[in-house]
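Two complexes follow with subunit A in common, the first pairing it with subunit B and the second with subunit C.
And now, the complex of A and B:
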């Protein structure tokens, strides 16, 4: 892209007719014209590079913004919220002077192109968001979705992604405590690699991304800048893959976790000495993003000398330097008299740090190269005033037919023997099978604060050793439900994550989301998106858990085929004392099993309908958020008062899936009795929401029943923890050994 | 029998953390004057039968699909002089 002579601001003003490759950089004609209008002249090559990456879908949220506003407008009053949407990550008060920051992001397209590095740099990126808030990262989670489990490409993508997450996270010394793995043919060619991270800090340590105070220095530190992912933000993440144009695929970013570890320690030490005025990590859109966001969030302007950026490849043009997505870099704003100390700390950690510019008292972002001005823009127009689209959306014509194709009418098992076969089929299906083969490649316990990790309902980390204060996180999403009804599907994802957090004994506080959808240019996809956002915002309002931030990933589609709408929801919770947590595994024989909540005939989108009938149709289970809230309160109280010894939320796969998991994890069987008013099939396979099973010690039974009765939560005794098989009285029995073989054998057989 | 060597290197624009680590270690160990290090992989394939065009095409395929990750790596296929190989074996 480099032209001779250098395309300076002056040159651009003098040569208005020069044609720039705006279309190749992903800008639409009207967007380019808007840039010309803003500048009052044609942009320079460097300016065009900045606008094109920052106005891409990935960075500007131009299609989603009008809908995402609801998260702010409908945000419930919450005393816990310290920093909301718009910063690198949201921050939540968890008590005792601690604050927690957490966020989920997508790294879908890069992980399809190069699974290992794509997933690894996904972890790196989200961890830097956490550091940029001033927090020490303490754990990561990874919700993953792949094509059909037996598809050959899944065998290429999945092991690479899993190894990348493990490789990067394990090297950083961060425990991986949760997430999901889901297989569905709709993700073939568009796997979803979402990465979440949690960080902990004291309230006074919160840092924001802004550059204020004229004369303050802008320091770029971390790895050198190379040709990584140039244009990745605008091209890779915003355009649908098109097999005909492989040249559009830019250089893959390669992560270096050891560099990132140094960056963590170095940044936290600089924070501790209060050397930093503002900070921003370099992710998508690299320096373009960091400089324009820092400058537009602060009070003044900024002047940057691009020649001072340390390069890995000396042939990079200024445009490429601005667009490079080299990993493990951060940008800090530091007062002049603290620069020396800041650089000293960087040197101690063997981190390259360079002053590349300073904050000015004007309101322009000016960038120089070889002494000439190549960028002169109002940073707000780059970072915040990008295009906003009111994309047309319409309920797809096929939605009615899909919903009319009722899963409740599918043929059901008629004998105990048939039930037994279907149970085995269910618990051994790729989506319901144990994911141990995958999660055992991640380190769960490094740092020594992990209280719960997969396959528990939520991951839990101890925050304070003395008091036992802890935080829990669960991520959930169900594309099948969302396909049937995006509004309800999004709320079901929220409800499940909320329930999962409560099931472990923690109080849900706040939400982050990663919204994965197809192309926003398709009105049907846009409708799914609009409905899902509306559902999520309404749900968060009702549950009192604000959305603190998140990420939107669009264009997850190949040709006409979009993925299922897949809103992934992360719920963060707090627990006063992690010693009171509730595990999934059955603890002791003789304990009584109770089913909490109401079971209805709800099979639309269910795992049963998928596994047994390869069917997707009907309506997803109903959502009752008031019931979810009541259930959560009961689960938290019961855990705090020692009334239950284990608990498991009921979701995909229904009750039988939950019982089998608890039994296998505890190495103890269960004898179940079908309660009055239910048939065995509905009892075992229904996916009604707002339910959990709990194991109650006999000594606590009266107290527990009284509590549920007093608060109006249906609690039905369904059996007892006992023996070495899962038995449904009068129907069938399956030994733990047989269950274990199918449940734990499936994934290794497919992938190992 | 002949030996075919496949050299796999990260593409020039791709970050090479291992190479960088080696490069940073050099001055510490007293080796001056090395400004950059990039580290790659070398595969030595012992081929049954003649190394003709068909065999080389096959090796090219296997290198492209298995030995190298062509998203981030380049590779070169070379035939080693059989005489040299024999010499080295002594």
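And now, the complex of A and C:
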């Protein structure tokens, strides 16, 4: 890319007619013209590089932001919110002086190209976002979606992704406590690799990405800058893979978790000594992003000497240095008299640190190379004033036919024997089967604070050893539901994650999301997106759980075929004392099983319709968020007051799936009776929302019933924890051994 | 008067704070040691904790073994200082030749994290006195390179001298020879094992068992009674 002579600001002003490769860098013609208008001249090559990455879909949210505004506009009043949307990650007050930051991001396209490194660097990126807020990372979660479980390419992608998540997260010493693995042919060629992380800090330790105070130094620290991932963000994340442009493919970055572990420790040590005024991690768009965001959020300008950036490859051009997405780098703003101490800490941890610039009292971001000015921009125009698109959207014409194809009309099992066969088929299907083969490749014990980890309903981490304060996190997102109705589907994802947090005894506080969709240039996809965002914003408003931040991943499609709209929702909760947590596993024989909530004939998008009939049609289950809130309150009270010993949320697969999981985890069976007013099939397979099963010790039955009665939550006694089989009276019985064989055997048979 | 037990932090150590907590729960005083510092701060015993020291680059434990702190540690371990190596710490001890044998990648080539059943084979070491020989315990296991190997002569010698301290039961998670999970030196002061006792010291955390606590109470008793 190097041109002679160097394309300085002066040179650019003098040569207005030079053609720059704006299209190759992913800019549209009108976007390029806007850059020229902003600058009052043509951009230099370096400026063009910066604008092109920062104005990419991935960095600028140009197609999504008109919709995302609703998260702010409809945000419920919440005292818990300390830092909201727009920073590296949102921050929530969890009490006792502690704050928690959490976020979910996508690394979908890179993980398809190079599964191991794509997934690994996804973990690395989200963890740096957490550190940049001032927090110690305490856990990660990984919601994953793959193509059909038996497709040969799934066997290429999945093991690499899982090994990459494990390889990176395990080496960082972060317990992996939650997430999901879902298979569906719609993700063939477009796997979703979302990575979430949680961090904990004291309120006073919150740090922000801003550069203030003229004369303060800008320090780049961490790995050297190399040629990896150049244009990764703008190109990989913003365009579908196009065989005609193979040169865009090998742009996946390579992770070094050891370097990141050092970065965590040395950053936290610098925070502890209060050496840092502002901080930003280098992720997508690398230095372009970090410098322009820091400068844009601060009060002054910034001057950077690019020659001082430590390089892994000395032949890199200034444009490449600005665009490089080399991993494990961060940028800190430090007062001049604290620079020496900051550098000392970096040296202690063997981390390379270099002063590359300083905050100025102007309002320009100026970047120099070999003594000449190659960038002179208003940083806001780069970081925050990118283009905004009002993409056209329209309800797809096939939506009516899809919804009319009612799953409730599918043939149902007619005998106990047939029910039994379908139960076995369900619990052994790839989506419903145990994911132990995958999760056992993740460390969930490290740090010694893990209270609950997958396959529990939510992951739970102890925050304070003395008081037992803890936080819980659950991620959910059902693309099948969202395909049938994106508004409802997004609310169902929210409801499920919210319910999962409450099921473990924690109070849901706040939401983060990762919105995975197809191409925004397709009006049908844009409609799905608009509906899902509207549904989620409305739902969060009603439940009182604000969206603290999140991520949008678009262009998840191959040719004309988009993935199911897949809004993944993470809900964070708090529990006063982790000793009160409620596990999924049945604990004691003789305890009474209660079904909480109402069961209706709701099979649209259900696991049963997929597994037994390979069908997707009808309407997803109805959402009643007031009911979800009531159910959550009951589950939390029952846990706090010791009225229940185990609980499991009901979602995909319905009641029978939940009972089988609780039974297998506890090593104790259950005898079930179909309650009055329900048929066995609906009882077992319906996916009505707002439900959970709980195991109540006999001594607590009256008190528990009284509480549900007084609060108006339907609670139906459906059986007892007992024996070594799951039996539905008058219908069938399945031994735990048989259930375990199909439930735990499926994934290893497909992937090991 | 309680015992002071050092925990070394190498770049890439992960379970240093967890190990310090386990030492505290057992009633001893944890002392942080730093890999660049030769000074062992006159501790009564040392734990080399789990993690990926130096990213496990080159070979697990191979670089850490040359840290300044190891010079003092090797010298004092040979003179009788009790040393426990957990996971990466075990790997470092074999690299430092304080324990025989070596660790290879798991035979199934995956990282594995599970609640592992073990049998205590030797309850006479500095770190196992609070167990009974033959006792069956559950301790979390999590590693990539946990396959213990040694030549036949060494294996025979370990077995004959009762120096296999822990053995995997029911399931060999990594292909270790003779199902070996942990071993001791002749003197019984240096013990290494792949599973993580520091992650089994509190009833609520991890697997909910406290089967790992006796490691830390054993050494405390030994030191305080000494």
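Just so we're on the same page, the second predicted complex is superposed on the first by the 750 of 752 C-alpha atoms of A that agree within 3 Å, B and C clash if a C-alpha of one lies under 4 Å from a C-alpha of the other, contacts with A are read in each partner's own complex, and residues count from 1 in each chain.
Basically, a residue touches a chain if its C-beta (ideal position, glycine included) is under 8 Å from a C-beta of that chain, and two chains touch if they have at least 3 such contacts.
Just so it is clear, the structure is predicted and the values come from calculations on it, not from any experiment.
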When both partners are placed on the shared chain, which of subunit B and subunit C touches more of subunit A: C
Which superposed partner A:164 touches (first subunit B, second subunit C, both, neither): neither
Subunit B versus subunit C as contact partner of A:326, first or second or both or neither: first
Which superposed partner A:520 touches (first subunit B, second subunit C, both, neither): neither
Which of subunit B and subunit C A:451 touches, first, second, both or neither: second
Which superposed partner A:227 touches (first subunit B, second subunit C, both, neither): first
Partner chain in contact with A:256 - subunit B first, subunit C second, else both or neither: both
Subunit A positions touched by subunit B in one structure and by subunit C in the second: 256, 258-259, 350
Residue ranges of subunit A touching subunit C (in the complex, touch as defined): 163, 166-167, 170-173, 256-259, 261-262, 349-350, 439-451, 462, 465, 578-579, 581
Of subunit A, residues touching subunit B in the complex: 113-114, 117, 223, 226-228, 249, 251-256, 258-259, 312-313, 326-327, 350
Footprint of subunit A on subunit C - complex, ascending: 11-12, 14-15, 17-18, 21-22, 50-52, 54-57, 110-114, 140, 142, 144, 196, 198-199, 201-202, 204-207
Subunit B - residues contacting subunit A, complex: 10-17, 20-21, 24, 69, 71-72
